[in-house]
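In the two complexes below, chain A is the common chain; its partner is chain B in one and chain C in the other.
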Partner chain A sequence: MSRFAQELRLFLRQRLAVPTLALLALLAAVSVAAGVTEIRRQAETIVRIQPLQAAEEAAVSAWVSRDGDAGNAAYYTFHATWDRPSALAFAALGQRDVAPYVLRVRALALESQIHEGESYNAELALPGRFDWAFVLTFLAPLILIVLLHDLISGEREAGRLQALQAAGGRAGLWTRRAGLRLGLVFVAVAAPFVAGAAVSGAAAAEVLAVLAVASLYLLFWALVCLGVGALGRSSVANGAVLAATWVVLTLVLPALAHIAINSANPVRQGVELTLAQREAVHAGWDKPKDATLTAFFRVHPEWRDTPPVTSGFHWKWYYAFQHLGDLSVADPVRAYRRGLESRDAWTARVGLVLPAVGLQTTLHRMAGTDLAAQLAYQDRIRAFHERLRRFYYPYIFNETPFREGDFAKAPRWEEGD
Partner chain B sequence: MNPVLHIAANELRLMARARVAQLAIALVVMLSAIAALTAISQGRESQEIRSRFQAQADREFDGQPARHPHRMVHYGHFVFRPLPALAGFDPGVDAFTGSTLFLEGHRQNSANFGDVRQSSLLVRFGQLTPAFVIQALGPLVLIFLGFGAIARERDSGLLRLHFTQGVKAGQVVLGKAAALSVVAGLILAPALGALAWLTLVAGAAPLAVLTLAAGYAAYLLVWVLATTSISALAQSSRTALASLVAAWALSAILAPRLATDIAILAAPQPTRLETDIAIQRDLKEIGDSHNPDDPHFNAFRASVLKTYGVARVEDLPVNYRGLIAMEGERLTSSLFERYAERQFADQRRQSGMALALGLVSPTLAVRSLSMAASGTDLEGHRRFLRQAEAYRYAIVQRLNRLQAERLTFSDDSKRNSDPEAGRRVRIDPGAWRQTPDFVYRPASTTEALGAATPGLLLLGGWLALAGGLAWAASRRLERAGA
Partner chain C sequence: MPDLTAAEPAIDVRDLCVDRGGTPVLKNLRLSVKAGEVYALLGGNGAGKSTTLAVLMGLLRPSGGSVQVMGLDPATQADAVRRSIAYLPETVALYETLSAYENIAYFLGLSGDRPSRAEMDAALDAAGLQAGARTRRTGGFSKGMRQKVAIAMALLREVPVLLLDEPTTGLDPAAASDFNALVGGLRERGAAVLMVTHDLLGAADCADRIGFLAGGGIVEEVQADDGLDVLALHRRFGEAAAG
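Right, the complex of A and B next:
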């Protein structure tokens, strides 16, 4: 232990040591603070929309319940859904800045609603957010390089190497020194994260898992530094080689992988399916009502025996062709989703080779802020929309009046949804 | 031989012999070439897809059967944002904004299917485009090849030898900078090739291209001068390398992300959902079309009756329902416009704040200039949104006018109860074909250059600063050498 204390004293006396570590700790702290603030803002938004939403529902209810037309209730009432951030989201904000985390849907065809985007400043989204995952992935390795590139070569250049080898003797010295620097970098970057996790109420197991991943990532970079240092070149050459390695591993190769993955997995179906869905829905107006209703009753036989449609317009028929429009694009919807999932799966594979990608993939998965989380939110919206439809159908098909009290019976978005 | 040229030539000979330098230059030139090829081909491909989709949407709109005009208001139209030619050089925010917009009556939808939501998180590692290669990687190559230019010679005593031969410190700095500028030229070459191609083949505006070329040359020159100066000022090559890499990390990696967080923290934007609700609420206050006794619509009816000099809406020579639709659309559109302009102003304030950080990061300055001159900045997307909204309003009102002028009030009122009336309210599909198609007007060269000016000015400031630094480094070297 005293040997470590000795090394620590020696290390802290170096000119660059304390400022470098302090800089890293500061950047990590700022990133955690920024992440916690952003997540708190998102949580506050979710709270803030509730009374707004209730007021709008009341306004719709006020005029709809006058004549009790259930079709109007279903048409004009938007139902709010939201995707609450996880306790770890502050550390890796991921897609939450470009994908909606609050979205309203109504009982009309879903495919024209579910792909809606959020309004955000694309120029700010372009470089990405300053979150803890960014500090760990990009900046911490640079700090390790600063502290480790001259571990051995620096002693050689100062003329102390032979004396050290003779006195310390074994590799134990370098392990101790490198371990000390790695440990300090880990603490500088991990301490703010642990504080942020405590504030957000993350579970201990999650925090430990993130710390384990982070330490593996830092260990990788420490080993790279030691490996390059062991080749016996000058400190300058080591610094240059390590910085170049960093650029290639964290910037160049991921960017190349991105191009390759996106062009190997085109996802044109998104636009195609919205165009096709609109055609299908609107063609409903011009098709014989019987044909539409027959097709609908095949999916929902429970409404087959309700009174037939005789007038020029009936909500039954309207909601039937809305739903049939969604069903008509079920295949492209699945294909679109497969394309997205395939992009994600390939990224995970790239992450097995490129540590920076692997780290980002793992952190965003743990934080629930990746593409998969966005798709999971859409799945929950789909299930909720299904509940909405099934809630309105009895009123519409049995021609039951929709009164003020009925608004309160509508399905509510729940955290478990 | 002029000592400056002599020093530059020597430095270049040295670089040409060094394995690391060869490798670094080869790597960045190759990356730049790959980036240019993929960016141009991807740009062309997505432009092709978008125009194909646009043609499909136009065709489908024109091919709709005879219908009630209000059905067409809800059938709506799809428009696609065309990709400017220079997106092959710098796609800017293209992947971060949706490229297609569904236009319909009384609703304003979001632009959807941007690549950012369709990609894994890899998209956040940066996109490999010619612009990215020069912005982020170019300076790093200059740093690696130049950090030792002067420091190394001082460490080895060669510098003193120069001075005893009567070479001035300023000439050394200038010579080394000249040699490094040649490297900068090599880094820039593939991008310039791409720009030339885009001008000649894809019809990019020559003035915008020249601005881009000048901006990037200035940007790399800033790094050439900074690298040479720091190499002269630093105590050792190692310190030079460390400080230069730190400066690069701050400028190219840290500042852009910090700028984002500062801007969002300082000027947060409401979510789409809140804006939608606010618009609905405001709309209800102006005029509630669901309320039979709404004062606004009562006054509207009175003024219409007065204009036509009749007592009942049934006696109007036009279909009153169509007039109501037009009035309703006028109200919602004015709100859409007010909220959109407020949002655009918020965004502009955010972007301005982020650009202000260009004072500490030349990378932010060149990025702003690059996107603006390429027409791929957020202003380009806003221009699309604004034109699409104007087009939406125009076609919806056109359809509403058809409802007012081609349908009778009595037919329109009993279209659901009387099958004959229901047939008569469907108007001839020729009207759909006569609806003009959406034509996007991109920014004029003047507008693009205007938008590029702040970035250009910031870069000019950086160039002056770097020049000053080089001058100071020469003075200091001169004194130290004497």
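Right, the complex of A and C next:
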């Protein structure tokens, strides 16, 4: 039997070894199952929305086609957009847990449509979802501490240390033992992830990249355990020091950094942007039509020479003040985005010194569930919405009848959007 | 394994000085043990007996003097020295979840040895551990049984030097007598045995020479032959320890 096999047998015979590893594997498996279920639910929602969208469009089409009013077509037609999850999203849900992944937009003022969905579930947002990233970030180090805190001190306290050293067990022995424990913890965490990745259809390179990041994180904690153990204190003292280190590195410092970053980068709530835009849009009802249209033609001169607005209500005027509503919050929206990006950049910097933060940031980026992915989805929505406007405005401003066949010409949200 | 001439001692300690925390523990200690000799090093608590063993195993660096084990310096050639010695602590601590066989395989495996089951049985027979106990987990073993497992390991390793740290403490008289007989057997195999102990009677029973450690050095050394007056020696050692 090889030395490694002997170490494995010795380890597995320890009273708490197998239950501890089994607990970690179970938690990892539960987190992966929960993540896969959530992502599957999101994917199914995205699939389900498409026939519903078609059915609704047919109903609107049947009603609108009777009088061919393009304003009605643009007003009543919702256009579905969605952000399909990546194959790794199950492992690190990130923003997908709190931000919309499906948004139905109309050709009205956009920013309120984007930001009114940002009503976070505070109970979920506070501790974060119990996903694989959570298990790896917070629980796996605890299990490593349990398994490594008494690597040498336990032998000393059991009276075997001198005998082990005299028998030739020195650096190689501790390296073998620490490596074995680290390897088993890695397997307990990684095996459920690999299974989840296989179910989700993740690419091998993506899986390997995540496993490499996970192994580096676990290696960091193993080195911390060995470093504390090398100080020669008792097992109880080692355990206490390592537990305190875990609390500080994974809970206290990240929380303080979060508070500091948020204080240094004040950002308005998304719902405030919604309210600001709504107020601007609603104020449009009370403004003189000429003033609204003049302001609109300043940014869209191509519609200046279309037939003038004469009636009390006209869709041209309505869509003009909707459009101006977006422009009125353009600066706050840019500031909001810069604030979020600044917070994100600072979080990434903090991640360089706090491994728990760095790990979560990296996993969310790899899974496409980070803030950048959320903002990219918003950008795609804005681009799509611009296409909607360009599609509807000729009908509205040229007062062209909108017929049943025109619905089919409307822009469609595609995967590449 | 280093070769020694018959005249060279397996353990050779000359003017050994060790300080611990600025306090001298050993001062110019001199002792030597030849192959096929059992040397009992007696001394009171804190006299430096276990410190001497730690230096011989290369676990502690001396502050002065020279130490040779099988011609090697433990301070600079610790790994080679450890391949030449077997160490029995006062309380032999085995892995309680492993059987006697598995413990032997584990500890010997650390130095690269892989004894067969037959070789282990032969060593355990020589050490006197009952056959029925060998596959049982050692968690339920008595101190005497654990020592037998440790002796079997030493026999299997065929090391030329054995260091025994208070081996009979806590053993009942019959078990202590068995152990002393076992040490005699080690001598017959040509091993150099250094045994630190409080047990003068046991030392007289199995040792060839007895050295008394006090004040950091050997204050008296006697041949443990049949004419040894143990009671008189006990008194002299007591006086030396007190004074």
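Please note the rule applied: the second predicted complex is superposed on the first by the 381 of 417 C-alpha atoms of A that agree within 3 Å, B and C clash if a C-alpha of one lies under 4 Å from a C-alpha of the other, contacts with A are read in each partner's own complex, and residues count from 1 in each chain.
Here is the rule we use: contacts are C-beta pairs under 8 Å (C-beta built on N, C-alpha and C of every residue); 3 or more make two chains touch, one makes a residue touch a chain.
None of the values given here were measured: they were computed from a predicted structure.
Participant: Identify whether chain B and chain C fit side by side or clash on chain A in the overlaid structures.
Facilitator: fit
Participant: From the overlay on chain A, compute the angle at chain A's CA centre subtended by chain B and chain C, rounding to the nearest 10 degrees.
Facilitator: Seen from the centre of chain A, the opening angle is 90 degrees.
Participant: Thinking of the overlay built on chain A, is A:13 touched by chain B (first), by chain C (second), by both, or by neither?
Facilitator: Only chain C; A:13 stays clear of chain B.
Participant: Give one of first, second, both or neither to describe whether A:312 is in contact with chain B, with chain C, with both, or with none.
Facilitator: The answer is first: A:312 touches chain B but not chain C.
Participant: Between chain B (first) and chain C (second), which, if any, makes contact with A:173: first, second, both or neither?
Facilitator: The second partner, chain C, only.
Participant: Let me test your reading of the model: by the given contact rule, A:4 touches which partner, first (chain B), second (chain C), both or neither?
Facilitator: Neither partner.
Participant: Once the structures are superposed on A, label A:159 by its partner contacts, choosing first (chain B), second (chain C), both or neither.
Facilitator: Only chain C is touched by A:159; chain B is not.
Participant: If you count the residues of chain A that each partner touches, which comes out higher, chain B or chain C?
Facilitator: Counted on chain A, the partner with more touching residues turns out to be B.
Participant: Report for A:38: first if it touches chain B alone, second if chain C alone, otherwise both or neither.
Facilitator: A:38: touches chain B, not chain C.
Participant: Would you give the minimum C-alpha distance from chain B to chain C, in Å, for the three-chain superposition?
Facilitator: 15
Participant: Note which residues of chain B are touching chain A in the complex, please.
Facilitator: 20, 24, 31, 34, 38, 42, 49, 53, 56-57, 60, 64-65, 67, 71, 74-76, 78, 92-93, 96-98, 100, 102, 109-128, 132, 136-137, 140, 144, 148, 237-238, 241-242, 245, 249, 253-254, 256-261, 263-265, 268-269, 271-277, 280-281, 284, 288, 290-291, 343, 347, 350-351, 354, 371, 377-378, 381, 415-419, 422
Participant: Mind pulling up the chain A residues that touch chain B in the complex?
Facilitator: Touch list, chain A to chain B: 16, 27, 34, 37-38, 41, 45, 48-49, 52-53, 55-56, 59, 63, 78, 80, 94-95, 98-100, 102-104, 112, 115-130, 134, 138-139, 142, 146, 150, 235-236, 239-240, 243-244, 247, 250-252, 254-259, 261-263, 267-268, 270-271, 274-275, 278-279, 282, 285-286, 311-313, 339-340, 343-344, 346-347, 350, 356-357, 360-361, 364, 370-371, 374.
Participant: Residues of chain A touching chain C in their complex?
Facilitator: 1, 3, 6, 9-10, 13-15, 158-160, 162-170, 173
Participant: Enumerate the contact residues on chain C facing chain A in the complex.
Facilitator: Listed in rising order, the residues are 54, 57, 59, 79, 82-83, 85-87, 89, 91-95, 97-98, 102, 105-112, 114, 150, 163.
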